[in-house]
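Right, I'll just put the structure down here and ask away after.
Chains here go by letter, A, B, C and D, matching the order in which they are written, and residues are numbered from 1 within each.
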């Protein structure tokens, strides 16, 4: 994978950052599509994100088959990632996490909506996927492509979806964008919970405000957040290419 | 105890991990049954879990008598552990803690139920033990086998029970399983509190979902969490045997 | 003060511990009565508790006059301490703090009551003092003995009192007991707030449970907590004499 | 800028402190007026506050034009600062932040009021500015002087204002005062949220109490907090001149 040094460095950094920001605990994962072959993607072996290293990164076909496992055990839920890459050619990176802030919204069915400008990448309203609806009682894990595709359908053209009793999925046009959206999805959940507890009507961002922000590049802003997150996670900072 | 090096290492690690994850403060303890003699168990002397070392580990008979105290003072509440080992041959490890997240549920009598897949080891519904019911006004500590047995009866065949105005008890088939369940019991309490504050009906895991997860080994998953917890607690990680 | 090495070490440790446990921020202070002269007490100069050193410790008469200031500026609110020592010969140590957990109770007038066994030293119900009642509009600081005595009267024979819009005061028979009570007063406030948010009646400790615990020595238990707190605050641990 | 060594050191420290106290994340900024030329001010280039260094400090005219950019990219929202300096000759320092504690109040329109004595510098009641009111759907950023002036008008003669769906702005007569007010504005939001969740009427500071505190110098107190904040942020402490 020496051809992908920068990409793998970003993927390792993303693992460490998501852990440092409490978006993932021992579980949860982040992937990136192979830029040279859109039918493949990179993701760590089954290991806690905060200890992931470059040697843990494996390559998979979209159906979740490892290219060269070298004895490494993959995440059981890698189908979340392959199904998203299959359904959405524009998506280059996927994060799946169990952030404790989003669980209460999945469990109560209250839709998350952007309450703060930096949270607008989550989309106008975050849909909720429930494995029960089509698969009945399961172990709640997305362990095959059928479940992954059903989840991808809930996400549709959006960037994010909650998973009832489980967590959420976030997509982006780059690793850094997916990480940004995952961090601010978590923050939006925390802010919205606090606002709802105040017992007064909440003024969310208007549709127009969200659309205007979506139409602008957030690329430059990313570097500012990425430098800080790298520092907090103890990984070297590389400015955006 | 040189015959039990791995077991004692795990027990020391468990003490440090429970402290690092804020499951215990200066109080609370974790024990493991002697694998060579089911009528005995190991547990630290009366010391804050985050400073426990191998030399602090004592051995006890199920009634709480130290085998060779060497001047070390035992926990007053060791009867919680002996009574659980006595009542439940399948239980190999017991955690007692005062996690601040579970206290509000014990005080209000609201039953904890799994709200997230990883929390399913807590069981379908966590029972609440109140020392008042059978023992009236006390100092609220489980200071003899009669109280320990009463508590064990509340736990029954389950893995967890809350103790009103005090904390909770968690059991497992191994140290690592007990630690896992203790950490996720705490997380479930936090998540359920937040969900209840949102003021809408909460969709907990179904009975079927909990049963399916209970029927599967969580053994491999433990290694992933255990490695991360060791790192956070500053103790060496040993892969599962 | 070389005759008081252990006492001053404990007082410095108490400053650092209260800061490490978030009981104080830049403000708040802790004092100890001179064991050789009950009409005098020791307390740091006006400095944030987490940076207090032995050389910062000053001696005062009960009316707040420094014995030998050596150019050091005392806390404006030292009268809280002197008035408590004057009114209560049994009190050897006083903590004043602005813990953010207790402020909401002072502001709403909801009485704090022990919700967990370790919190029983706060007493059956924590009274609330309001500077407005006798002194009208002020800068809210206890800047003379008249205000200190009024506050001491609210405390009466108890161990703790809240101060509306300001914080609280905690007393103890030793530095370690006062620190213990201050930490668990803060914890009780946090736990009681969470329990009240669950919207069901809260079962606090019974009068009998609190009385039984008050009748027992908590001295040995203190060492367990004190060792852990010293470690977290980065100060050397000295076992209780 | 060698003539401004102390001022620039304070400005760098302010950046680090606001980050260490979670008042800012990757976004938010702090400025200071040039004491030799009231038509100019200093502020960092577009970088996360916790990594700002002396070489990042740029100088601007009040309309936001960099004096000597040296290739450094300025914050897009520098107009918040220039407009405040233009409208208020008494203001020497401005903080803009997205503290997560204040967002729920901006979103629900509940006015923040001082609930604790140290929070009185926020003023009797914090006004809320909504970019929608005069500018309709925007990207919510204050990207020109027209928006900055509108915001400054909401602030009026006060020290603070919230910005709906965005954050807040804080002003002070010095860097240290602005930082103090920003930290305690955040704390007030947290305390007021908890108090409101208790469901009883809240007794805020009276008008008289706030006025009395405003009439007193808080200068000496600042050193106590500033020393602690410097230590927590890992920057050298310089006593106030």
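Of note:
Note that contacts are C-beta pairs under 8 Å (C-beta built on N, C-alpha and C of every residue); 3 or more make two chains touch, one makes a residue touch a chain.
Since the model is a prediction, treat every value here as computed from it, not as a measurement.
Chains that count as touching both chain A and chain B, per the definition above, do not exist in this structure.
Fitting chain C to chain D on CA positions gives a rotation angle of 90°, reported to the nearest 5. Under half of the residue numbers at the interface between copies chain B and chain C are found on both sides, making the touching surfaces mostly different. The chain with its Cα centroid farthest from the Cα centroid of chain D is B. For the pair chain B and chain C, the distance between C-alpha centroids works out to 33 Å. With each centre defined as the average position of its C-alpha atoms, the distance from chain A to chain C rounds to 46 Å. With touch defined as above, residues shared between interfaces to two or more other chains in chain D number as follows: 197. By the touch rule above, chain A contacts chain D in their complex via residues 114-118, 187, 190-191, 194-195, 197-206, 208-209, 211-213, 216, 220-221, 224-225, 227-229, 231. Contact residues on chain C toward chain D in their complex (touch as defined above): 25-27, 46-48, 50-51, 73, 98, 100, 103-105, 107-110, 130, 132, 136-141, 164-167, 193, 196-197.
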